[in-house]
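Should a chain be cited, it is by its letter among A, B, C and D, assigned in written order, with residues numbered from 1 in that chain.
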């Protein structure tokens, strides 16, 4: 295939230097669009045109304006930025290559709101492409975007017959972008969908043809509002939001298990109150519910909501429950797993072509997979192994750049095979 | 005065042998009525005629029939029993002695549903007047009834001018009889009310002229109803009543303190569930809320109720909250305390005439006190010290029979003084 | 085979009329021993000789004496009863039939401490073999014991070559008898073990050759001991056992889920306290922890124990945690499942020979299965379908007596096949 | 008396402009020392010389250095600052005026870590003496320090015979300075102690001669440390600090009430966790326990501590409980109240000389009061009414400057009277 290893590395490092969190991928989208225009695609949808109306986990206007300004200052094309105002980031690129099936490839592009290691042991620091924004590509989405562009270019130069759509999805980390991209209409004619993730504790050289076991998830932010009171003189005036929160937390973890499969709950971040001598007026729980199936997740979250409401009632508080993000469960389809495994087995640098893996976590690629599967198509979630020194989401996470080429090769080979064989 | 020490002891022992719990004082009321008829009173109201409609803590029909039958078997007068059908126990006796104020004396007559000690150290066991019913006079109401009759007889034979009403109140232990007796109409013309209690950790020879610090109280019985489920196979089918109860208990004790004074909460008896492998379908809390004032009690119980409701909501259960009994707070009036203290000080066997005491507990005599005070009258709650080997409500509680005469003398002396001086 | 349908029904009805709960199976064991002696076995171990030392869930002496006496009164052989004193119930019968493998069959014999329906719709009531003891065979162990005897007799009369051991296990319902029988030594030379259960929602005519998915379980009884106090006057003197219990219950249900598989928790029966106005001195939780593997169960129960201890510490109480019963998880072995499925498929009344089923509950047959498997042998847990009008453990549970013959036939056929083929 | 109203106002405004929180009163102490040197005192103890070793609520070194630097930049005398290094702020001034009793006056000098209103309605903003430090004198300690200096100057110029010690106490707001000042030795010969507070909802013109009802208090900061885990994949690896905190909060509020008097609890500020999908590793509770007596406070805090420990045990976490501040309860002595009331009654601007008030809150002046009372001396806590537009601790709190002169006059008059009459 035709994209050089050097170009992939160069592009990935450039993206790594400009990480942007969910719905703030202004510079990133603009940079991707530039590359797409350079490669030449048949159709290109940016921002508002790539997404349906219902986004989740969108930050406030000030926050978005700040990142938009930062993108501008970093040299992003103003015309492209204009198409993303209001945080409508992301893009869909379409390549038409004659008769054949419509194949989709989904890559996510957002970063995490955390600091990156400045340690000399950390390659991006040592080699000078460490984050310049305060955020960090600590989950490899810089590699994903690079692979997406690499595959597009490789397919352009190859023998694929059919239509290829590459989905550069925003806001995966808040489980907020998968839904609106799935409902954008661009998925409606996709017959085969490949989603891709690097790492996941698989080493460089291993490719996992079909990952399943995605837990459906709902993330929520609950705010309790009561009434303050002086803790010494007037405790009875207080309607205690921290007490309500504490009661809710206890009951969230005590939501019944489900006989049909695994469920998960977490009150991952909580807080409340202002001073030791004031009965707390406000408190919050930022948490999530998951399930092995979407039904189990729904059962679990329904009970979480009851726990939040019951606790508010007990302490005479109000509770506001905001859904921040959610994603269904999903499984990879055998027929498509076969194709990817075959493509992986023939690659000289692939030392292990694993058939199946389990995620045990959540991902909003499941929205896109489900959309395609519900319409009778096939989907698989492909893992491209990469040696990563630190764990996902940590300050020292990094990808082994050798895996970029493997990813591009295996995926474009699989896409050609799909065009040939319509599995 | 005219009632012999021996008669008082004999009568008290007879009553002690036939203890009957709340709303089951059939034999006791009948025996009191017999005495009243022997003494001769001007008016006599029994059962339904002595009480307003709203009783609390009434047992079910089977339970009442059983005790009615038992009373019949023990020789109670069938004609009197007939007037108490349905658990309308208790009586009001009126003595008219010419011009003068209307004075009330309230004594309670019910026993506790607990076994009495059979130990030889325990006087009723040794002397052969231990309970024959399974219940026990473990709070001295046998002495109260005896004192009530003794005072009536003493006043009959004495120089009192005015009207004396003696209230033989049922169901104090469930805080259920004070309310309906207070609303019966018989209190409406009472200008001075004396209530009496023996013991309370005051020794024989001490009389406390005015006890205050009654905590207002509400007793409740809450039943949670959920849905069972097999704990191994189908935990999600359960709507867990025990979990709801546990959450409620935690929050009942965590009801805010009140800046205006003391409050109390207790989940004194709880239970639920049927087997280790069944998600519990039912559970209950039998508890109470108290307050230094009626307002504090109301605040506290309102929050208890919210805790019960909130917990039910959390676990998708129903909760039914039944009010079993309640009583307001009360204080004794200085002017009447003076009268009783004077009467006590002149008695040869009174070694200590204490002015004021604090109960720190609850009593439904407060309903009667409040009724009189609200109409502009005066009330006091008098403590007649008695050496008691075991604590109140324990299996070895007993009264020192020397205190019976002291009680009769001091109270009838005080009543005569009221007739004389209209304090 | 040789046991008549009528005899099986007659025997089962006789056992159904005399249900005895765990460790109280005096009459039942004696009756089984009589049958064994009639059939003629080579070795017979009763009570103490059939069990290792460590029993769980043993009732107190009074309770056992009462049931022993009842068995005597119902005509059980006094000589046999003598061998069971102290609640050492159950038996192991050995049949030696020449060269060949040692095969075990495990049936359990105890009943449940619950009342049986007296409704005319309920066959045992209509046909006059309803329980005469107050307990009830509401889980079909009467059928199990009958099948155990039927198989023994059938094998005696058949072509089996090898050694057959039938384990009449006591105390399955409290998960208390499996452990001591597994450690009795009688399992040590068993190479193939069949365990059997009727019903489980499978209809008459269906046989499930291998049931798996047993959850490992630990049942516990925790007692909290604090200190009483008058709830009005001296709340600070109380060390509140009900509060501790409530805190423990909340945290038991909130024990973390496990990433390796399913776990379960239940506080199935709780209680505490004596009166609304006494701070509760005692409370209990009767509950259980389960896990898809023994390790998950251990993790879960360890956290349950911490919740009990932590709650006791918070409320300054003592907690005593007694393990009442426990069982490991287990799976059926493929090779043995094949044999049973083959035997089932050839039976004319078997309409469906299902290969695998999932229990989703717990069973202490797993102790015996594990013992055999750990020594290199094979085990399977066989389901014999039976139409049952009410669910297991309910008042209207009953077995379809047609399934008795199917059970005897399929199991004795499988045993002969094992003797022949040593799978 | 001799200090002009204008000087008092000028000094108070200067102090108001430089508010410094607990243990950071560098500029404030230096300014006070300058004034003391100007007035001329016989002995002067600053910082380390004015305090015993055990301080509570001391901030970390960086924080102190920052405020020290700020004080230096604002023109504080470097020689005086040197004596306060390490946050040893505050001072004791001694005036020897011949034969007579030793009288103490305690004023506190620290500010609150909160922003001050910039609204034009707010006098300090309108008149240009609003806070320049980010902190705020929102509880009138600027007035207290001013009154302390004013009294010293007035007594210098008056007829007092005896010794006067003025205690400029740091760190009252964190209940951290009263203890070390009480144990400094400077209190040991004080026979009469006056403490003073402005406002407390008493209007200008009212003086309260003796405030009591101080609740003893302990403030604590508890940190729970567990272990993180991925909430989806590895929930069992988590030892959940937020769950522990929530359990602790529920039980802190559920600490038993006390029969001997009021108690208070509050978990005023809590927090924990980092992300929705991580089992929280850390959490904290910043709270307090109070009691009407020191014994009740001790009982209550002991139970709070047990709740913290029990919750940590349940969730397999560690808990570290740091005592941040504490103060005993106290009452004002009648004899000294008389003296102050007399002094107040004769002042022309005092419209109401109230004898007694109740605080219903906590104050670490009680350490000094208790020290004097324990040695046989007398103490009273004097309220100087002042119209304050906003409540204490709010952004718009301010003192009516008319009350400064009233405070100086009444207190110096009372001190002279003590010298005269040795009450």
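One rule holds in what follows: contacts are C-beta pairs under 8 Å (C-beta built on N, C-alpha and C of every residue); 3 or more make two chains touch, one makes a residue touch a chain.
Keep in mind it's a predicted model, so treat the numbers as computed, not measured.
Chemist: Quick check for the class: compute each chain's Cα centroid; which one is farthest from the centroid of chain A?
Modeler: B
Chemist: Across the interfaces B-D and C-D, which one involves more C-beta pairs in contact?
Modeler: C-D
Chemist: Please compute the C-alpha centroid of chain A, do the same for chain D, then give the distance between them in whole Å.
Modeler: Centre-to-centre distance between chain A and chain D: 52 Å.
Chemist: Which whole number of Å gives the spacing of the CA centres of chain C and chain D?
Modeler: 68
Chemist: Any idea how many Å lie between the Cα centroids of chain B and chain D?
Modeler: The mean C-alpha positions of chain B and chain D differ by 49 Å.
Chemist: So which stretches of chain D touch two or more other chains?
Modeler: Expected reply: 233-235, 240, 243, 247, 250-251, 253-254, 256-257, 259, 264-265, 279, 360.
Chemist: Any idea which chain D residues touch chain C in the complex?
Modeler: Spelled out, the residues of chain D in touch with chain C are 233-238, 240, 243, 247, 250-251, 254, 256-260, 279, 299, 303, 306-307, 309-316.
Chemist: Using the touch definition from the top, list the residues of chain B that touch chain C in their complex.
Modeler: 215, 217, 219, 230-235, 240, 242-243, 245-247, 249-250, 253, 264-280, 283, 286-288, 290, 324, 359-362, 393
Chemist: In their complex, what parts of chain D are in touch with chain B?
Modeler: Touch residues, chain D against chain B: 250-251, 253-254, 256-257, 259, 262-265, 360.
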